[in-house]
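Okay, so here's the structure we're looking at.
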Amino acid sequence: MLINKNELAGFLDQLMSRYQVFAPVKEADYTNFKQISSGTEATLDYSNTKIPPKGILFPQTEKLFSYSCGTEGAQVQECIDQQKKVVFGIRPCDAKSLVLLDNVFNNDKYQDPYYLTRRENTILVGLGCNRPAGTCFCTSLGGGPFDTTGLDALLVDTGDKYVVEILTERGRELFSGTTLPEAGEADRAAAAAVKETATVSCTVNLDGVKAKLDTDFYDPIWDGLHEKCLGCAVCTYTCPTCHCFDIVDDAVDANGCRVRNWDACMFPLFTLHGSGHNPRPTGKERFRQRVMHKFKYFVDNYNVMACVGCGRCIKNCPVNLDIRAILAEIQGSEARLDK
Amino acid sequence: MMRNPYLPLPMKLVKNFTETDDKLVHTFTLEYLNAADEAGFKYSPGQFAELCVFGKGEAPFGIASSPTEPGHLKFSVAKVGVVSTALHLMEEGTMVGVRGPLGNSFPLEDFKGKNLVIIGGGFAFTTLRALTAYILNPANRGDFGKLTVIYGARTPGLLLYKDELAEWEKRDDIDLVCTIDRPAEGWNGRVGFVPAVTKEVAPGADNAYAVICGPPVMIKFTMPELEALGFPPERIIMSLENRMKCGIGMCGRCNVGNKYVCKDGPVFTRAELNQLPNEY
Amino acid sequence: MPELAGAIQEAARKLLEEKKVDVVIGFAPGTLPLRSTPCFVHRPEDAAGLTWNRSCENNLANYLRKRTDKVAVVAKGCDSRSIIELIKENQINRENLVIIGVPCAGMIDRKKVDRRLAGKELLAAEESGDSIVLKGDGFTETIPVNELLHDSCLSCRHPNPALYDLLVGELLPEKGGDDFADVAAFEAKAPAERRAILTEEFSRCIRCYACRQACPMCYCEECFVDCSTPQWIGKSSDARDNMLFQAVRVLHSAGRCADCGACERACPMGLSLRNLTRKMVKDVQELFGYEAGANLEDKPALADFKAEDPQPFLIEE
C-alpha cells in the first residue's frame, strides 16, 4: 500500500473516525506525540520526539481511580482508558521500547491494567529512519532504522510517498477500511533502496558490559562516573524505557483521586525511608542504580537491556553526561578479582 | 478482565489501640466491609499490605495478624509519615482501604519439622507476631519443632502485644524470652541487648531456622551470634524494608540489586542477601 | 581560545602537582558538536584534558557547595558571581577554593543553532574568529557568533570574573548597566496577557527539576516541592502547579540569583525561565540596590535590613 505525502492529512482524518490518533506534532522547538484533531497537525518530517511516546500508554500523570467517602463507605471509580488508539509515525526504537516495558507492566506476578489495556487497544504504525541521527545507536542494541519489533505496520519514506508494510493482523485491520493505492514494483524497489542506504554510524560496544556490571557494584569506578551528574530527571523522563513512578493522592478531605506520576531514580526522595535512612544516599548510588537497572538488572530479569539507543539522554543531558561514554568506561575498566 | 492490583479493598477500622507507652505505635484491627472479600484475601505470615487512608495516600505495613485468626486483619504502625499519622488519628468505625496481600511470606513449607528461633526487636515484631501466632495455632503446632522467641525492646512499655506475650509466657510449647535494654522498675524479666541475650539463650542450630526482624543495629550484632551458634546463611531468614509505592514490582524504587523487595521479598534468606548489593 | 585552554591546563597541572588542590573542576570536550562537559581532574597528567571554548556553558559553582576537599574551579563571570553568593551563604569554604578566573565572551546557545539549521543535523562546528562554522551532511554555514549566543550572554554586563585567584587570558571591557528592556516589555503587558503567556509556557514543563538541579543557589536539603508535611504543591505535572513551582523557586532565589541562565540552559523543554528570574533580579536591584555576586562585601539583600528599605507590602506609603 502507499500513502502519497500530499494525501497523508486526509488519510489521518479517515483514521480519526475510528481511533484516537497520536502523531508527531511540532511544538516550540521540538516535536512531540500528541493526540491530533486534524490530519494537518501531524508532521512526519522529524528526527525523534523530545519526549518518548511511552507517555501515550503510561502518561506522566495518570488518574488510577477516583473516590468519595461518605457515611456508608467509599465509592471507588476505576479510570481505565479503553479507547482505541493509533500511534502514527513512531520510530522503531520507540516501538521496541514498548516491548521492553511490557515485561515490567506484565511481570511474573502482576498485571498493570492501565498500561496493558491501552497497549491492547493501541496500534503502532512505525516510520523507518532514512537518516538516523549521530546520537542514534539502535543497532548496538539489536534494533535498526527499519526494525519492526513491536510494530503493526511500517512506513518507508521514498520521497513523495510512504510505502506501507503491513506487519500484523492489527495492522491489516487498521489499513483495511481505507482507500489507499497498492504499492507497485517500483515503489517496493524504492523502499528497499532506502532501507539499504540508511546507516547508523554510531556504535556502542556492549560486549562484556553485563559481565562487568555483574561483578563491579563496589568498584571504585563508580566514585567518578557520576561526578558531574546534576541529579535531575531529564535522562529518565526522556528515556523511552524508564518506567519508575510515584503514587500520590490528589484530594480534598477524603474525596479525590489516586494518581501516578513519573518518578526518577535520580531523586533522593525516591528511596528515602520514613526513618530518614536512605539506601541510595548520594549521587553515586543513584547514578549506579540507573546504569545497573538498564544494563544489568533488566537483563537479569527479562534477558534484554533496557535501552533502545534512541539517544535522547545524550542530546538532552544538561551536562553532556553521555551514556555511551559511561558504557565505554565500564567496558574498558579492569576486571575485578577481589569481588 | 484482569484484576486491578491498585484498587484497595474497603475495610472498617474497628479498633485503634495504643500499643506502646510512648504512644508512637498503634495497632489497628480492621474488618472486611464486604464479607466476601475475605475469601479473596489469602495471606501468609511475612506478607504485607498497603493501607490506604482516602485523601492522604497509602503506605506498606507488615500484616501482624495470622491467617489462623479469621475475620479481621491487624497492623501495628509506627507514626512516621503522612499516612501513618492519619491512621493514628483515625476514629474507630472509619473506612480504610487495604491493598494486598503483597510480597512473599516466611517459607513455612521449609520450616515444617524444624525448630524455629524467632528474634525480634522493637516495633519490627509485627510479622513475627503473625508467624508465632500461626505456629502456635493448634492446627499447625504439630508441624513445627521447638519454638524459641527472643524479643527485645528499649523499655517494657515499648514491647508490642504485651497481653499476648503474657499468654505465651504461660505456655509450654513456646520458649519466650523478652528482654529490655536497661533495668526498669517493675520489670522482672531479662535485661540486655538482643545479640547478648541470643548468645546466652544459645538456641541450637541443628535442624533449625532463625527468623530475624529488627532495627539495623540489632541485626548487625545478632548476625555474628547466629553464625557462632552454627546457623548457616541459608537458614537465617530476614525481612527487608525499603521505600515502596506500587507493591507489585513496577514503580522501580524498592529494588535491591535485581530483586524487588515488594514482589520478590520482603522475606529473603541471609544467603540470598549475601548475593545482593547492600542497598537496604 | 586554544591559548586560554592551554593556560587553564597549565594552571591546573601546577595546582595539582604542587598539591595545592585535590581536584580541578573545569571543562573537557564533550561528545556532541558545540558541547563541552564539566570535568573533574584529579591527577596533574590529566590536566591536558581540559578545554576552553564557546560551549563551556555550565555554571561550575554548582559543584562547589559543602565540599571538604581542596578545589580549584574554572570560573567565568557568572560562575564567579554565584561563587560569591555561595561564600556569603557559607556554602563554600573560601580557604579551600582556588578560583581560576576566565573572562568570557559568551557561550553558544545550541537551541539557536538548531533553529538556524531548521531540522538539519549539526555534525561538526568550528570557531573562526567572530563566526561559527556549522557543518552537517551536505551543508556548511557560517554564522556570526552574536547571533548564536545565549540570551543570558547577550544581556550579561560582567564578562570578567568578579573574584579570582588566578586569571587566565586578558580582562574584557566591562559593559554598562543592564536596562532590563526585556523585563520592562513583559511588565508592560496586561496581566491577563502575562498570565496567558506564562500558562502556555509552563504547561510544557515536565517537572524534571533540571532547572533546580542546575542552579548553584538551589540547595535546600528538602526542596519545598518534595515536602510532604505540609504538602505545598501538587506533585503531578499540571500547568498551575508547574507555575507555582517556578514562581516559588524564583522568589527563593531573590537577591541570590546572579542571572547566569543555568536554569534556562538546563531546561530540556526550552522554557523561558529567565523571563521570571530577571524580573526578580531587576526588582531586587531597584528596591534594595543589591546586585547578586557583584562583590564579597555587600550584605545580601535578604540578610540586610535598612530603615529606608521599601516595604509597600507591609505599610501604606
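Labels for the chains are A, B and C, by order of writing; each one numbers its residues from 1.
Keep in mind that, in the parts below, a residue touches a chain if its C-beta (ideal position, glycine included) is under 8 Å from a C-beta of that chain, and two chains touch if they have at least 3 such contacts.
Please read all numbers here as calculations on a predicted model, not as lab measurements.
If you tally contacting C-beta pairs for each pair of chains, A-B comes out on top. A simple rule picks the central chain: find each chain's mean C-alpha point, then take the one closest to the mean of all protein C-alpha atoms, which gives A.
The most distant chain from subunit B, with centres taken as the mean of CA atoms, is C.
Averaged Cα coordinates give subunit B a centre that lies 50 Å from the centre of subunit C.
Each chain gets a centre from the mean of its Cα atoms; for subunit A and subunit C, those two points are 31 Å apart.
Between the CA-based centres of subunit A and subunit B the separation comes to 39 Å, rounded to the whole angstrom.
Each of the following residues of subunit A touches two or more other chains: 246, 248. Multi-chain contact residues of subunit B, defined as those touching 2 or more other chains: 81.
By the touch criterion given at the top, residues 81-82, 85 of subunit B touch subunit C in their complex.
On the subunit B side of its complex with subunit A, the touching residues are 1-8, 10, 33, 54-58, 80-81, 84, 95, 97, 216, 241-243, 245-246, 248-258, 263, 277-280. For subunit A in complex with subunit B, the touching residues are 64-65, 67, 69, 73-74, 76, 78, 80, 104-105, 107-114, 116, 217-218, 243-249, 251-256, 258, 260, 263, 265, 270-275, 277, 279-280, 285, 289, 292-293, 296-297, 300-301.
The touching residues of subunit C, when paired with subunit B in their complex, are 228-229, 231. Partner subunit A is touched in their complex by these residues of subunit C: 30-32, 35-40, 58, 62-63, 111, 114-115, 119, 121, 123, 137, 204, 206-210, 212-214, 226, 234-238, 265-266, 268-270.
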